[in-house]
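What follows is a set of structures for review.
Next come two complexes built around subunit A: one with subunit B, the other with subunit C.
And then the complex of A and B:
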């Protein structure tokens, strides 16, 4: 089924909220706004929301301080002891929120870049953007002792610089099918390795004093979130959402190729630039909170695409799926026996690296 | 000339191989020898190779001596000289117990990494092949950490020289397993490999094994203490008990690798041509793979997983002396030894009093080389 580029005709007043259209697609309508989707995507989306709720409930009960479900429930309603309230509202809820927001941001950014490069491996964690965002945050923290806003902006800014450097060094941006995507991936891997070493070097200065924070900035963790940075990042991520809603239709057109897209009236270059800017903003905001978390951006769009079926890029499903991945990885990393503590970045690194190896070995059989 | 002795590629005309068969691989400086009336050019090229060889050996010696003189702990040069000449003095302990074994280990590890890189590039016919980037070193490190963790849990602890040999045996197992896996996933065939896929498989494997090694060391306080620098890749804190066992493997393997240049040259002409010249690609792959495992495994046992050195060194050498593997293998080893020593010295002086791991500096120096290769080469097979 080719994605339809033309918007469905505006419904008559009083149209039902959920409306089936001729080609089996489904339209969600709310006043003048409508979201055209498929039944399959609605079901998958609902399942993912349920999964998020279940994981969040699980995550509320996990932590170094044991709390019974009743006490958690009371604390959530504000009826528990002040100590329980601090644990639940001060530590666990923000941690869950951070996992969901960072996961969704990484997944969306991965979807944008994979669409741009036309290559599943052209995702920001493989091509060094995540590491580059971490470099900016490290410089801001270690050298300038910056505020929360400063750290978040430094992460976004250095992510943008990294993206510009990688794109310029690769000499191509998203020309499909000519190997340009792969050159971009390899250049990105090289830039990422350089920046990872640079981060290591910068952290050598401080590793004696604040080694736990240093560890966070090398492998990514939800342990040492900073509440202010989280707030700034949430604002940044939320600001990207309208832009994404606007871009998602154009991304569908770009999937058909540059010529078809410009014939459909989509400004190709401007759309690419906007996608890059939004993608880097999402990566920077996410990385400022947790440090460099790898493979969520790589795996989530691919798996979500398989769940959602063909058609327009399934951004909502990607975001939900990525949130499930990161929250799940965090629950795993907390549920591991206390003798075996792994930051969530190592869990995603292990799982995602294995996923990438499987992806590559499947490619061999073709 | 009998068929058992494969021909060396850069002089195909003299050995009766049709010049056209040499293909693009002998183009460039080495290929000039095949031109008619190339006698003068050939002797000029040969003289240049000898000069580069002498220069690089001198460079290794200079870098090693420099590495004894420079360090995080400032020692007066005169004291170092006194200590080296056995006249005692305040610096004697530092120099004899720390700096000299460290410099020698740097030489041995560098030689091994350079030769392993050149061998891998020849065997996979892939300009981006290198034990560090393809996850072989990471595999060796993961196996070492696993073996030591389980050994520690069972109450087995080997120390000193014996411990180093145990470490190295574990490293060989890990390096062999990782090599097999990366070639399998990377889709290697007898016709060579796709550089992109092999590099991606190596990068994925490196991340997975690195995360595993990181997790193991984080959760074993004893291992963390012993291996916190090693697991990143560093020459720090490894004395003679590490040096001698590593050298006892690397040096013989290095000799064999240097002598294998003519077979590698035959292989560079492609599997069919190589077979016609008496170089059985399968047998060569097994023998070469064993050499790579020995070199990369021993280097990793000695200094942890260090990447990019084995990539950059053969590249530089090919630019200097052309594609003849009889020269590329030994000279790559020399260049890599210089790079490891220089990286180690930079790591010691750049942020005193802390040390930056050798592998970190090597990545800072080597990653730009990697990017340059990706940019310049039309990802042709070697």
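And then the complex of A and C:
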């Protein structure tokens, strides 16, 4: 075996900011600090930012009142008519903000749980957390006739409780081993099915009016959501971002299984606990704003990871892609004729389902 | 902290017991693993050899006693601090689909990295060296999925090397490999020891263990049967005590290492002195061995 090897290239004084690494990534160095990514991820990320800007511009114009680009521009600058100003600043900008933040939060939450369970099905909407959040909301609406804020709090609280029950039943931290993630998915599906039945039972036992209010909440939508809830959720989601930046490296190590991650210096149990907490917080904050929205958390991380060229977890790409997915779905739902008007939750369900089916059938053939 | 470690051992077990649920798999073991040597742990299935290795690498807690690294209990280290000194390559590593060889090897750098220190010049150098030492530089851009079993194992060892620890523990690194690739992996282990690392491996194959190890540790039913150089440990008496196998030990004409030749036919097996079986004359020298397997409990992880 060749004992000698070429001396590693030392970065010269005028070394480029971006250096190619031995494993095909690029490193960005500033003094003792360095970040790594890949060229492909930089390009995909930039393309997604452009897509978000384009969709946001489109979303400002579409809706019950169509606005021309000039009127949007004037309204944004505060120079348009008061009515245009209210439509743009009062309705559409918060709606776009909500779509982007909720989309990103759902995508990141899905990425966390899929990494945690090592299973592409391990997203919070599949493993019962979203159904659990819905149960809380229904109880709040049906039994306590709660306010919008009360409903949101109940949703987040019951989502947390559901997560705790699923994790305890699955014994994720008590019993180590390769079956842990799979067991979590199965237990989550079981708990979710139980809660879904409970939700239906509650809805059939109340008057039509209350039942309709609850049903409306159950179909995820970006329509006229409470501004205070949006503000609190935005703060919660933003607070999760530093934690995600920290956890991202550990998630990469966990891709190789618990044993290898532990040997690489990852405190596995503490990391799993932190990932669960952040994941539940993200999905809770998102659900509080829009109600349950399916498939973004399930499909976006998988699609984004493939788009990013696989390899390490791609959290930034996932957040951007999921934001594009939800905002795009909302724009589509706004563009449909009103007779066909669908809430965004149904549009994401349709879109995400089609994409995932295509991907899974491709994957199986390979 | 507790018993001071001898100068020539950094990794020790002191009255170490490890188990799962009710079963105690490793029972009160005292062991010093010599620095700068290739130590191989051998023993029959379910003797606790992988369990011992996992306890030394703090993948399992000690039930009583302690596993010590540099005189300090392994569980008292901070995770990354420990991972810069010792690493264990697990028997099975789930490799993410589509990952390239160099990316996988680069994962070994995790304990040297941080949130704002994601790729240093040292990371680059260590990965290049690990790829070169294990002879997989030419495969760097290939997906791991495309490799043969032997190449894959070398890539995983390369990942462990990139971690740049002085102590390297390997859990059954030759399982599922054909004989050529087993030899290849063991030659690599010897070379790593010559380069100054301390390597500890669990092996199934006593013959290969005797040939490559500097230091052999023989376990049976979670207890130490013998330890020492291959010439001291690989004797007919100790083979019988460890494996319940009756064998002759010759000198390997190729290397001078002990060569294990099981007795012919059923004579090699416990209580197997079948009348009329070929070679039973030689077998008569061996004492009857109690079938100790009934005492074995639990399963090896």
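Here is the rule we use: the second predicted complex is superposed on the first by the 269 of 366 C-alpha atoms of A that agree within 3 Å, B and C clash if a C-alpha of one lies under 4 Å from a C-alpha of the other, contacts with A are read in each partner's own complex, and residues count from 1 in each chain.
Everything below uses one rule, namely that a contact is a pair of C-beta atoms (placed from the backbone, for glycine too) under 8 Å apart; a residue touches a chain by one contact, two chains touch by 3 or more.
In this text the structure is predicted, and so the values were computed from the model without any measurement.
Residue contacts after overlaying the shared chain place A:350 against subunit B, while subunit C stays out of touching range. When the shared chain is aligned, subunit B comes close enough to touch A:185, but subunit C does not. Contacts of A:361 after superposition on the shared chain: subunit B is touched, whereas subunit C is not. Of the two partner chains, subunit B is the only one touched by A:201; subunit C is not. Of the two partner chains, neither subunit B nor subunit C is touched by A:77. In the superposed pair of complexes, A:266 makes contact with subunit C only, with no contact to subunit B.
Residue ranges on subunit A touching subunit C, taken from their complex, read 1-3, 5-6, 8-11, 21-25, 27, 29, 32-36, 118, 178, 245-246, 249, 252-253, 255-257, 259-260, 262-267, 310-312. Taken together, the subunit A residues at the contact with subunit B in this complex read 121, 126, 169-171, 179, 182-183, 185-187, 189-191, 193-194, 196-198, 200-201, 204-205, 207-208, 219, 294, 339-342, 346, 349-350, 352-354, 356-357, 360-361, 363-364. Residues of subunit B that touch subunit A in their complex: 128, 181, 184-187, 196-197, 199-201, 203-205, 207-208, 210-212, 214-215, 218-219, 232, 307-308, 350-351, 354-357, 359-361, 363-364, 367-368, 370-371, 374-375, 379.
Of all residues in subunit C, those touching subunit A in their complex are 57-59, 79-84, 87-90, 92-100, 102-103, 105-108, 110-111, 113-121, 123-125, 127-129, 131-133, 135, 137, 140-141, 160, 163, 188, 191.
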